[in-house]
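Two complexes are shown next, each including subunit A; its partner changes from subunit B in the first to subunit C in the second.
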Partner chain A sequence: MKILIADDSRVMRQIVSRTLRQAGFEGHDLLEAADGRQAYDKAMEEKPDLIISDWNMPEMTGVEVLRKLRASGNDVTFGFVTSECTKEMQEQAEEAGAAFFIIKPFTPERFAEVFAPILG
Partner chain B sequence: MPHNLPTAHAVRSMFEDLLGREVTVDSANPVSADDLPKTVVAIYVDESTRLAAVAGLDLPLAAYAGAALGLLPVGGAEDCIEIGELSSVLAENVKELCNVLTGLLNREEGNPRLSLYQVVVPGEPVPRDAAAHLLALGRRIDLRVDVSRYGAGRFSLALAA
Partner chain C sequence: MSLQYLPTAADLNTIAEQVWASYLDPEGVSPFVPDDTAAAASDVHASVSITGTWHGHVVFACSTVAAKRAAAAFLAMGEDEVSDDDVIDVLGELANIIGGNVKSMLPGGCFVSLPHVVSAPADANHWPSAEKICELAGTWMGEPIAISMWHESESEGESSQ
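On to the complex of A and B.
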């Protein structure tokens, strides 16, 4: 599968990639985006099967990217990995069509639980 | 309702989960004014952008934790400690670490959410109000944090209100 990891922190993109491997999800094609605009553009151009996105990013927030994708008719599986988590954020994510909400710091076990149904 | 300080156990768990390796903590002396120029200072604010908490990581902890976060060799961290400043990669990693540490301040439902406002690395001027809180007695926790296979340094967290 093609997976897009969107986070403005380079080290966090590395950690998400590493944790996917540690959780047993190897051999996937990993793409990266360093801000919301790049995330949206790569989602439209590269047509990933899954997007794992930070919430707070320059240019567009993660939830703005998700809303824009849905408004464009793109229904890619999309979820959040974020250090901030409020009920309002979770509600907004759900309403926008997010498939999961993971809070940083995360463990390979948490990734396995969330991504097993998606990545098989 | 005022925010509560995280326990030493919560701080340890946060570092362990984030760095993916064993971390031990012990009590430590508070930061002194002499330490400030070599301390990474993270400033957290409430929803009205009022200063709510200040964290400090001394240069050894910032370097070791920054290296551990990116699985970088310990030698690079030791070089930074020796010359007294963080490399750009370690500084970037520590900023993300400070971002994730926000979770230590938002553990309780019902309190205003705090967020990371600014991270000041050694060599940059620390805003006066943040320095004052980090140096003041009061609601604070000071710990020696030892990151397995990297090294130890001091972590301080002071609440402004």
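On to the complex of A and C.
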């Protein structure tokens, strides 16, 4: 599977990649985006199967990326990994069509729980 | 949760435990040890500001040794391989994670800034109108670490950034 990891933090993109491996999801094609604009552009160009996105990013927030993708007819599996988790954010994510909401800090166990149904 | 609720040192400790369990001590062999009498020395600090219905700052401060150790743990590298940029990125991410979790405990309508990392003690922050409202001090493998929350007064908060 092709997985796009969108986060403005280089460290966090690295940790998401590592945690995927630690959770047993190896051998996938991992792409990265460092802001919301890049995330949207790569989603349209590269057509990933899954997008794991931060919420707060420069250029466009994660939920703006998701809304724009859905508005353009793209139904890629999309979810959030964020350190902020308010009820309002979770509601916005659900309404926009997010498949999951992972709160930082996260563990490989949490990744396994969320991604097993998606990545198999 | 009441709209008046503000996170306490106990809440900061809960967040710290999660951060250590996830990234800094996943094996559970070198935990953060809360200790009010720990040395206050902090060579570097990373902070995020929170604005909106509550206005203040969340600060992660530590020694240079702890900062390099944190970067090495985060990036799964040896401490001698860690660059200054790695340390800055990792401390910024730590402040972001802790600040994001703190924000979740605050009234709705708050926003978290991008992190700010400075190689100077936390006291070097220039927040003339900010007051420290809680602090979690302790050690990690003998090195001092402190996480604190600062509240900006309503009247001067907007001009002190």
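We take it that the second predicted complex is superposed on the first by the 120 of 120 C-alpha atoms of A that agree within 3 Å, B and C clash if a C-alpha of one lies under 4 Å from a C-alpha of the other, contacts with A are read in each partner's own complex, and residues count from 1 in each chain.
The criterion applied here is as follows: contacts are C-beta pairs under 8 Å (C-beta built on N, C-alpha and C of every residue); 3 or more make two chains touch, one makes a residue touch a chain.
Because the structure is predicted, anything quoted here is derived from the model rather than measured.
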Which superposed partner A:Thr107 touches (first subunit B, second subunit C, both, neither): both
Partner chain(s) touched by A:Cys85 [first = subunit B, second = subunit C, both, neither]: both
Touched partner set for A:Ile15, first subunit B, second subunit C, both or neither: both
Touching partner for A:Ser72 - first (subunit B), second (subunit C), both, neither: neither
Common interface positions of subunit A, toward subunit B and toward subunit C: 9-12, 14-15, 18, 83-87, 103-107
Of subunit A, residues touching subunit B in the complex: 9-12, 14-15, 18, 83-87, 103-107
Sites on subunit B touched by subunit A in the complex: 14, 17-18, 69-71, 92-93, 95-96, 99-100, 102-103, 106, 109, 113, 115
Of all residues in subunit C, those that touch subunit A in their complex: 18-19, 21-23, 26, 74-76, 86, 89-90, 92-93, 96-101, 103-104, 108, 112
Interfacial residue positions of subunit A with respect to subunit C in the complex: 9-12, 14-15, 18, 56, 82-88, 103-107
